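These are the structures in question, set out in turn.
The same chain A turns up in both complexes below, where it pairs with chain B and then with chain C.
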Partner chain A sequence: MICWSCEKNAGGGMLCVGCGAVQPPDRTADHFHVFGLPRRFDLDVADLEQRYKEMTKVLHPDRFARADGRARRASLERSVQLNLAWRTLSQPVARAEYLLSLEGIDLGERTGSKQQEEDGNYATQRVDTALLVEVMELREALAEARGHGDRAKAAALVAGVQAHHDREMAEVAAGFAARQPNLPAIAAHLVAARYYRRFLEEVQADREREEVQGK
Partner chain B sequence: MPVDALFDISEPGEAQTKEVCKGRAVGIDLGTTNSLVAVVQAGQPICLCDEHGSLLPSVVHYAADGSVVVGQAARGLAARAPQDTIASVKRFMGRGPHDAEATRRLTPYQFVAGGDDEAVLRFSLLGGRRAVTPVEVSAEILRVLKTRAEAALGGELDGAVITVPAYFDDGQRQATRDAGRLAGLDVMRLLNEPTAAALAYGLDKKAEGTFAVFDLGGGTFDISVLKLEGGVFEVKSTGGDSALGGDDLDRALAAHVLRQMGLPEDAAGDRTLTRRVLDAARDAKEALTKLTAIEVVVERRPGNIWRGVLTREELDTVVRPVLDRCEPPVRRALRDAGLEAKQLSGVILVGGATRMPIVRRMVVTLFGREPLADIDPDEVVALGAAVQADLLAGNARKDVVLMDVVPLSLGLEMMGGVAEKLIHRNTTVPCGAVQTFTTYADNQTGFDLHVVQGERELVADCRSLARFKLTGIPPMPAGMARLQVTFLVDADGLLGVSAREETTGKESSIRVRPSYGLTDDEVERMIRDSFAHAEQDVSERLLVVERVEADRILQATRVALDASADLLVAGERPAIEAAMVELEKRKVGRDHLAIRAAIAALDAASKDFATRRMNQALQQGLRGQDIGAVESKVGK
Partner chain C sequence: MAYSGKVIDHYENPRNVGSLDKDAPNVGTGLVGAPACGDVMKLQIQVSNAGVIEDAKFKTFGCGSAIASSSLATEWIKGMTLDQAMSVRNTQIVQELDLPPVKIHCSVLAEDAIKSAIADYRKKQRRSQAQASLGEG
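Let's turn to the complex of A and B:
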């Protein structure tokens, strides 16, 4: 890469080895590459955070508030790329989904655009009916427990779903750790975890609504 | 995911090249009740003062002769000209004429009647002869602070950091930035107030760990959870209510006082009385921070004085329901940060309202610990902003960095009026998101994009930020077109949006201008107009300020003489009245120093009388209580 500022070899890092100018990001870099790490599920999040913070100190737009427009642009782009990479890799679920997407298995956006699901993506096709029925029954059981004001039972149901979720994620981790990862099997566990997680998110959303309305 | 598309969008803020310079950069806390300016000198942030101290009351008075009075003097005019004296303008920033803030019943203001399509809120002044937007009012406050800083630093400013409540949405942020531009400031950064406070604490107190900043100001409530470690100030989560603050406590108390006066809670639309009751409520609330009871005196009409007693218990009962609204945002911010209260290293208090004993008690209950208030809660935000300004100007250490977040989710309206979130709340800025959408109907040749902000599922419940169109798409069956939409949020928390139809390469992008804001053209025009009106004669301004102060003290003395004639000693009334006559005479003259001297003379003549009145008020307020206990409470 040639540095935009001194027009000599920039050296391929965040800053030009010659003149120190911040360099625009490599747009083809994957999230692991941003941190200089190999693609793998098992990573040390504390180490990742350390790298993230150190890189942020160098790249943050605050460092370039008074700099040339091109330097400010490069800092902004680098920071956006870095923040997205951190957000994706620091969370096991997002990291697993991302690894699968790099292998061509698209589970759809986490926020789930309606159109993509109608297009027939992997997630909706592969969900096993038993799981759907299970989650539906869990929802009904929770609604019933709440209807009766049975807080203990509701809490037990939520704890149970959390345990299901954690077990599926443990399977995902084990799957990636295998010598020959069975990607479709990992995807199935991840999709199952997603259903449990949605259930938990809805419980959370209900709780927030109650807190606001209860006042 | 097409990550590289993130970069095919212009920066949301202005993109012009700025000169590389090191110099005088200031931090400004543009507050609801008071505003401050601070600067780093010899490595330490300090607030700059005028003769009244560091706080500039955020009150702007528009006089009939076209002059504008800001600060202490304007506050003195509020009761006499309530419609022409704008206080708490921050609450109206980025809001529309149909917003709840502009349509409440107990208000001293009048607004320019807005049709359904009227986007910009304007205050109607001087009986409808003048109209100003909240951005212009805020710019007047900023101009005074700018002048103060330039006088103190001996030259033009190179830039400013202006603070905003963390929970301000995109429209409110844009409005603040516009006000800065209008005041002739180079706004280097908008900084979230709790983050500024944490910066001041982190650097001054060398704090490390995870802290909650509880910021209850005059008009807004913010709660932020930050991790401070090795020079990195990382906001983990933020929450709040941009329409909850000391003003709401004043209003609740004012309604209570009006009830006691036997009047309806909207003061029957009497704007002068509304202003007086609101002021009396504010004074009583502040006094009750140290006292357990206080006498409240309200002049209903000239010569008709109402007096009553307010106890701290009554105040607590009246404000409790308002303060309870702080609780859900606190719980949510902790949950979003993945923490429980007991895991925090400390709780930092910011904002004048956190001086109230009931607020302190509530914080102790919510967090299970005593909060930190070592740095003056009124000054801490400005001090932090000065530190950030110094960092941005390149003067300071390179090992400190702030990582802030988007306070409210950003998204697009989908078919059926549902909001689709592209960027979730508490995402670290700068950040971006790309998402692909398709057409809903056959032969659809355009997309209407509606950008919204908020946590609710339905667009109708979210804040509308902007609408734009992408047209000229060739007719295709439904679902064939691929519309790629990119959101980019910069380090100020400002959003830019672009859209591209992939099969044709048709593009459109906008810098989001809030639906309830000013267009770029309007801001440019205001800047030109302000140059035309600038360079107001300094002595003229001083004259106005002294006249305002004279009116305030004359009015207060008249009220006191009427209300407490029994406290006068022999010969006192003639002396006071003579001083009043002298001041009346000087006031119409053009010598501001003569007016100031006459004010001092009246002060001296009425000093003993005022002391007796204060003592009586205290005794009446604390009737039935042990005097020893009172002294210990007052003495602190």
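Let's turn to the complex of A and C:
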């Protein structure tokens, strides 16, 4: 990459190695590349956060308030890229989904519909029936416990679902750690985790509603 | 997101919520879900000897559009023959409920649920017929 400012080799980093001018981002870079990390599920989030903070400092808008328009634009584009990469990689679920998407397996957004148009995409495939039966029974049991005002039962169900969720995510981590990861199997664990998470999110939403109502 | 009036109506006053006896020979149960949304939908049909759907119930844990889609589906298929119910398309549900593009998958789930309930019923029928002929022979 040739630096836009000094017109010498910029060196490929955020800032030109020669003159220090901020360089526009490489749009083809994946989220791992943005942080200079290899593509892998198992990463040290504390290390990632450290990198993120340092890079954010370098790209801080205050530093470019009176800079050349090209430098301002480049720093802004870098910030957008960096924030998206951070949001994706700092969360295990998003990181796992992203890794699968890099391999062509799209689990889809929760409310997304673009997958509907492409037949055969994982997002539109049926979910394992045993999982659906289990989730349906859990939901019915929770509704019943709620109906009877049985808080202990409801709490036990929630704890159980949380444990299921954590177990599925542990399977995801183990799957990626394998020498030859079985990607469809990892995708199935991620989908199961999504179902359990959905259950937990709704419990959380109900709790917040009850707090608002002052129950 | 703004839901249409019909979605809100079905969401606030869902029709045919509940369960039928999944072990009954004249009841078919469809249980479906899409990995993209985390919704679960159960739709059950009770079929008369003449092959007409005399009752339909559903239970859906999901968003308003998923609940409305399954509520509408049960309302429609009651009184239909199995073949008529098989021909219900998600696009009809989309049209009736005025679903936005991001909620089309909810209507797909409802169509899948109808088909899977019918498939379950037919499987049960085949099994009981096979048992009956075994008994005769």
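The rule is short, and it goes like this: the second predicted complex is superposed on the first by the 199 of 215 C-alpha atoms of A that agree within 3 Å, B and C clash if a C-alpha of one lies under 4 Å from a C-alpha of the other, contacts with A are read in each partner's own complex, and residues count from 1 in each chain.
Just so we're on the same page, a contact is a pair of C-beta atoms (placed from the backbone, for glycine too) under 8 Å apart; a residue touches a chain by one contact, two chains touch by 3 or more.
Quantities reported herein were computed from a predicted structural model and do not represent experimental measurements.
When the two complexes are overlaid on their common chain A, residue A:Leu107 makes contact with chain C while staying clear of chain B. By the touch criterion defined above, A:Thr28 reaches chain B but does not reach chain C. When both complexes are overlaid on chain A, the residue A:Asp68 reaches chain B alone and has no touch with chain C. Contacts of A:Tyr195 after superposition: chain C is touched, whereas chain B is not reached. In the superposed pair of complexes, A:Met136 makes contact with chain C only, with no contact to chain B. When the two complexes are overlaid on their common chain A, residue A:Met55 makes contact with neither chain B nor chain C.
Touch criterion not met for A:Ala154: it reaches neither chain B nor chain C. Shared interface residues of chain A, touching chain B in one complex and chain C in the other, are 109, 111, 113, 115. Note for the complex: chain C touches chain A at residues 31-40, 42, 59, 61, 63, 101-105, 108, 112. Per the touch definition, chain A reaches chain B in the complex via residues 25, 27-28, 53, 56-57, 60-63, 65-69, 72-73, 76-77, 79-81, 83-84, 86-87, 101, 109, 111, 113-115, 204, 208, 211-212, 215. Chain contact summary for the complex, chain A toward chain C: residues 107-113, 115-116, 122-127, 129, 131-133, 135-136, 139-140, 187, 191, 194-195, 197-198, 202. In the complex of the two chains, the chain B residues touching chain A come out as 1, 3-4, 6-7, 11, 15-22, 159, 188-189, 229-232, 234, 324-325, 327-328, 331-332, 335, 388, 391-394, 398-399, 401-403, 414, 420-422, 427-432, 435-438, 479, 488, 490-491.
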